[in-house]
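The same subunit A turns up in both complexes below, where it pairs with subunit B and then with subunit C.
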Partner chain A sequence: MTRAAPWLAAAAAMIAVAFLLKDFGYYSDQYRKLMLWVALALGFNFLFGIAGQVAFSHFAFYGIGAYAVVILTFKAGLPLGVAVVLGLALCAVLAIAVGIAATRLEGFYLALATMAFAQLFLVVLTEGGAVTGGAGGIANYRLPALELGGRRFTLTGPYYTSLIALVLLATFFVFWRLDRSYFGRACRAIRDNPEAAAAMGVDVARTKIVVFTVTSVLAGAAGMAYAFVDNIVNPPVFGLENVFLLLFMVIIGGSGRHAGAVVGAILLYMLPYVLTPLIGHHQALVFGIVMVAAMLFRPDGLVGVYDRLRARYGRGAA
Partner chain B sequence: MSDILELLVSAASSGCIYGLVALSYLVMIRPTGIINFAVGEWAAVGLFAAFFLLTNRWLPLPYALALIAAVAFTGLIGWGTQRIAVRPLVEKGAPILGPILALLGMLAIFRESISLIFGPDPHNLPAPFGLRQVSLGPFAGTPRDFFIIGCTAAVFVGVWLFFERTVWGKAFEAVALNRKAAALMGINLRRVTVAAFVGGAAIAGFAGVLYSLTAPRDFLMGLPLAVQGFSALVVGGVGRVEGAILGGMILALAEQLTARYADQIGIPSGMSLGVPFLLMIVFLLARPTGLLRPKEAAA
Partner chain C sequence: MSAPPLLSARGLTKRFGGLVAVDGVDFDVFAGEILGLIGPNGAGKTTTFNLIAGAFAPTSGTLDFEGKPIHGLGPHEVAGRGIMRTFQHNMPFAGMSLIDNVLVGCHRRMQSGLAALVMGSRRAAAEEEKARRRAAELIGFVGLGDVADTPVVNLSFGQGRLLEVARGLAGEPRLMLFDEPAAGLTPAEAERLSDIIRGIAKRGIAVLLIEHDMRFLLPLAERVIVLNFGRKIADGTPDAIRRDPAVVEAYLGEASTIGAGEEAARA
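Our next item is the complex of A and B:
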């Protein structure tokens, strides 16, 4: 009971916000997207910050999830539940294939190979003709009605926002549990020293493939939730710019820490609202400066700054 | 037949640009191990600097002088980049990924600065010798194609001579082979790093200038060019200067053949955009050393 309480409280709070915003369409929309960014950042943090893999394919899997659910539901005419399961399976199969290939690559070469994969995905989307809708993507679809116990209902407005909140919490829960397990410790060991980890009996290749698959499938799940936020999927949303932004979020927030991913994602998502009146649409300039500053002065990010302040002035100082 | 020969000339000229970008990476990777993705942004800096020097109201420079000044300016930017984002991290003993990620931050800074100064519209340099078709033996092309090929050949010969014939080039090789031993032999690692970044930036800036001769380019040109250049580098191999140009040529030829002939076998010609990525994946997985093997260290 006590262990479930914080999770239930978080779910209640996030759902409450969803209902508070239900009459403010714009803010409700932003809230949904913010939650999806946080979910993506948590996954990217696990992959990059905890397991030490620099993979630029995270947004491609987000896109694969989104496109898969739309194509399977509206082009192939499958029921939504089947489409979701098949889409997740597709993400898993692709992630395992990429992950197995990627175990042969180290450091930034992994980043480049996954980036090439992500860009190839975009080219396929753009040239996919009728199946993917080409450069314009697929639009004009709506979340189909669900049937439960003979009653049909559609998740709209705050109910759909609540669903996204639950997806985010489930993502967080999976990564939180994984991090505190043997598996999470194995990941950190591989990040810090793969040879030593192997010598201690960690199966390096298998752990790397599993990490890549789990994070990619959860990115795909977030992508499925995204598909019904704007009710349009098109290639630019899943481009390389966004995965750089994800990297900046995790590093500025504090890589290797769940709190860092959450703080970084919220900060960089909200920052443009403050910056646009000041410098127009050049927020990326500020992101770049903050990113370089973080790498130079505080590689452990904002969470590291907080830890320091608490160590100096907080209860732990005595 | 003349169709194929024309395609060869145009592939060779874009292959030259990819080759130059690949060479820019190579000059930095050999001694430092740092893959600098900001090379595309440096190319944009070179292009926009040349554009500004040629067309500004106050002191428009003659063509050749403007190009040289723009390349020199990009070299200076390269020095600044390494001073800010590379040297402090290397001296702190950060893992090699540190500078690579910091350089991604610099990439965003460069790109947004260019868009802030020059706006989002595409710019191009006036073609130096007009656009009429000229023939060189059986090969036909525009003068700018031959200009690009000639300039690239000169740069590659220069860099090859630098690596093979000068003490500085030998110092680069020594650092590439064994950093610690090279430092113990009295090679100044800091100076080699500075030289690598200044040289790499100047080469990238020159590539950017040549790149804009083929079509107008906007501030977003950097990243795609950086990806194509890296793909060329992976195909050719990071070990040898010749690899960069070989990779560039193979990549450009593959791209142009796909663009021209793919739809005849039922593949949309837009798939040629995917060629660099496909080549990169295949070579990274199947032949990570590239086509040319690095030379063995002399005993």
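Our next item is the complex of A and C:
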């Protein structure tokens, strides 16, 4: 059970924070969104930092998950559980389709193809008429009551925040386990040298498609959780700029490292809230300068800085 | 050699446009032997190597491994059958630790599905544990135990070559392919690599070497195949090859093989 202890402790701490914030609506809302960004950054880190795929469709799958659960529940009238399963299946099918086409491409071309997909998603949302609600999106819905053991209850307030904490932890757990397995090593091998990876028996095309699908489906799951945070889904929420923020989070934190994704996501999510009161709109300028400086001087990110400091000063002779 | 060959090539041919790089070559590789593949520049050695490794498919002819055809399979499928290789220009996974590099070589032996990996099934854990023991053992076997924690980008060229050997062996190959393994090594490193290759063959693994450096190859190989202009011109023991008039003629004046050329010319 010792291996489970850190995860249980993390779950307890995150749920405790959810209940501490229950009377502070604004902070509770920010806490939920922060956790979802961390979940997204973990997935994007696996896709980009570990598997080396420069794919810009990650945030679009977040949107697909959110829209899918709302449309299937409130337009198609399906029970929530069915809507969630079908929504995840939709993400998987789309990811496999995009993955088969896109994994034949590399680097710049993969980036362009996945960006085109993300853009196409936004066009479909805007032009989707009654199904997607067009430019205004879909609003005025609430998380349906769940039935469990004959009792009906609705997850609200800190309970829903706790659910998001569990979604985040489950996402982290999946990527953590996969990264420490032969599958994670195969992904890193493909990132570093696809020719040598193939010579070692790694099916490069298949592995790329699997990584793309797993990360996209988990982004969709986070999107489903998001759908009931603001209780509105509309195209601007899923704009293309978001995926670049994910990219910056992963690079600033330390590409290829789970801790980097967590630190990067927390830092960049909070940065505007800290800087805006101090310097107003100039915060975007500071953000840009920090990004350029990070890429020039510390391409291994904050986690890399921490490693260096620890190697120099920490823990005696290791 | 009465046992059936591990790998047998029949009429192996590869054309690139108008150029016939490999032209109807027949040869066999037997388990546990060290076979050298030599020839002057442009003789078709590298093409033959790439045909076996699955980098491209032959234009015609067959390649059977353990009695089953492998021509036309991709590199990962060839590796999956138990044929591993090293690269002439070291190709480490630069962002990974040394042990993780070697563990990638174990890939074909890993059977657990993604769900078992996430749930941490007992079988997946046992498989991982076994692979880690094997990787650590191989790092010791090639003599990289002292640098096991060094980032692979900081390894010397010779150490990088040994990493390639350990990584290939991790896949428990039946046939190990070496693409000019002595290229770029110091004489001392080449000597150590010779010992390691002999050790590999002792484990019952067939070794096929492409090599330019005759001083490295001839004392090491038990049998040598000579290619010239895409055709096999000789197949025999190193001593027989040295005296073969066709080989002597093919090699006369070849700068890169002066040692063997002179020796062959004198014989």
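Keep this in mind: the second predicted complex is superposed on the first by the 313 of 318 C-alpha atoms of A that agree within 3 Å, B and C clash if a C-alpha of one lies under 4 Å from a C-alpha of the other, contacts with A are read in each partner's own complex, and residues count from 1 in each chain.
Following the convention adopted for this analysis, contacts are C-beta pairs under 8 Å (C-beta built on N, C-alpha and C of every residue); 3 or more make two chains touch, one makes a residue touch a chain.
Computed from a prediction, not measured in an experiment: that's the story for all the values here.
Chemist: Report for A:Asn193: first if it touches subunit B alone, second if subunit C alone, otherwise both or neither.
Modeler: second
Chemist: Quick one: name whichever of subunit B and subunit C touches more residues of subunit A.
Modeler: Answer, by number of touched residues of subunit A: B.
Chemist: Just checking: does A:Val210 make contact with subunit B only, subunit C only, both, or neither of them? Give me first, second, both or neither.
Modeler: In the superposition, A:Val210 contacts subunit C only.
Chemist: In the overlay, answer first, second, both or neither for which of subunit B and subunit C A:Ala101 touches.
Modeler: Touch status of A:Ala101: first partner only.
Chemist: For A:Pro299, decide between first (touching subunit B), second (touching subunit C), both and neither.
Modeler: Only subunit B is touched by A:Pro299; subunit C is not.
Chemist: Check the residue A:Ala113 against both partner chains and state whether it touches subunit B (first), subunit C (second), both, or neither.
Modeler: first
Chemist: Name the contact category of A:Ala4: first (subunit B only), second (subunit C only), both, or neither.
Modeler: After superposition on chain A, A:Ala4 lies in contact with neither partner.
Chemist: Based on the superposed arrangement, let me know which partner A:Leu148 touches: subunit B (first), subunit C (second), both, or neither?
Modeler: neither
Chemist: Touch check for A:Leu278: first (subunit B), second (subunit C), both, or neither?
Modeler: Neither: A:Leu278 stays clear of subunit B and subunit C.
Chemist: State which residues of subunit A lie in both footprints, the one left by subunit B and the one left by subunit C.
Modeler: none
Chemist: Inside the complex, what are the residues of subunit A that reach subunit C?
Modeler: Those in contact with subunit C are residues 3, 173-174, 177-178, 181-183, 185-186, 188-189, 191-193, 195-204, 210, 214, 256.
Chemist: Applying the document's contact rule, which stretches of subunit C touch subunit A when the two form their complex?
Modeler: 53, 74-76, 79-80, 84-85, 87, 91-96, 100, 103-108, 110, 112, 114, 117-118, 120, 124, 127-128, 131, 167-168, 171
Chemist: Spell out the part of subunit B that touches subunit A in their complex, as residue ranges.
Modeler: 35, 84-85, 88-89, 94, 96-98, 100-102, 104-109, 111-113, 115-116, 223, 227, 230-231, 234, 268, 270-271, 273-274, 276-278, 280-281, 284-285, 288
Chemist: Within their complex, state which residues of subunit A touch subunit B.
Modeler: Residue list for subunit A touching subunit B: 54, 101, 104-105, 107-109, 112-113, 115-117, 119-120, 123-124, 126-127, 129, 240, 244, 247-248, 251, 282, 284-285, 287-292, 295-296, 299.
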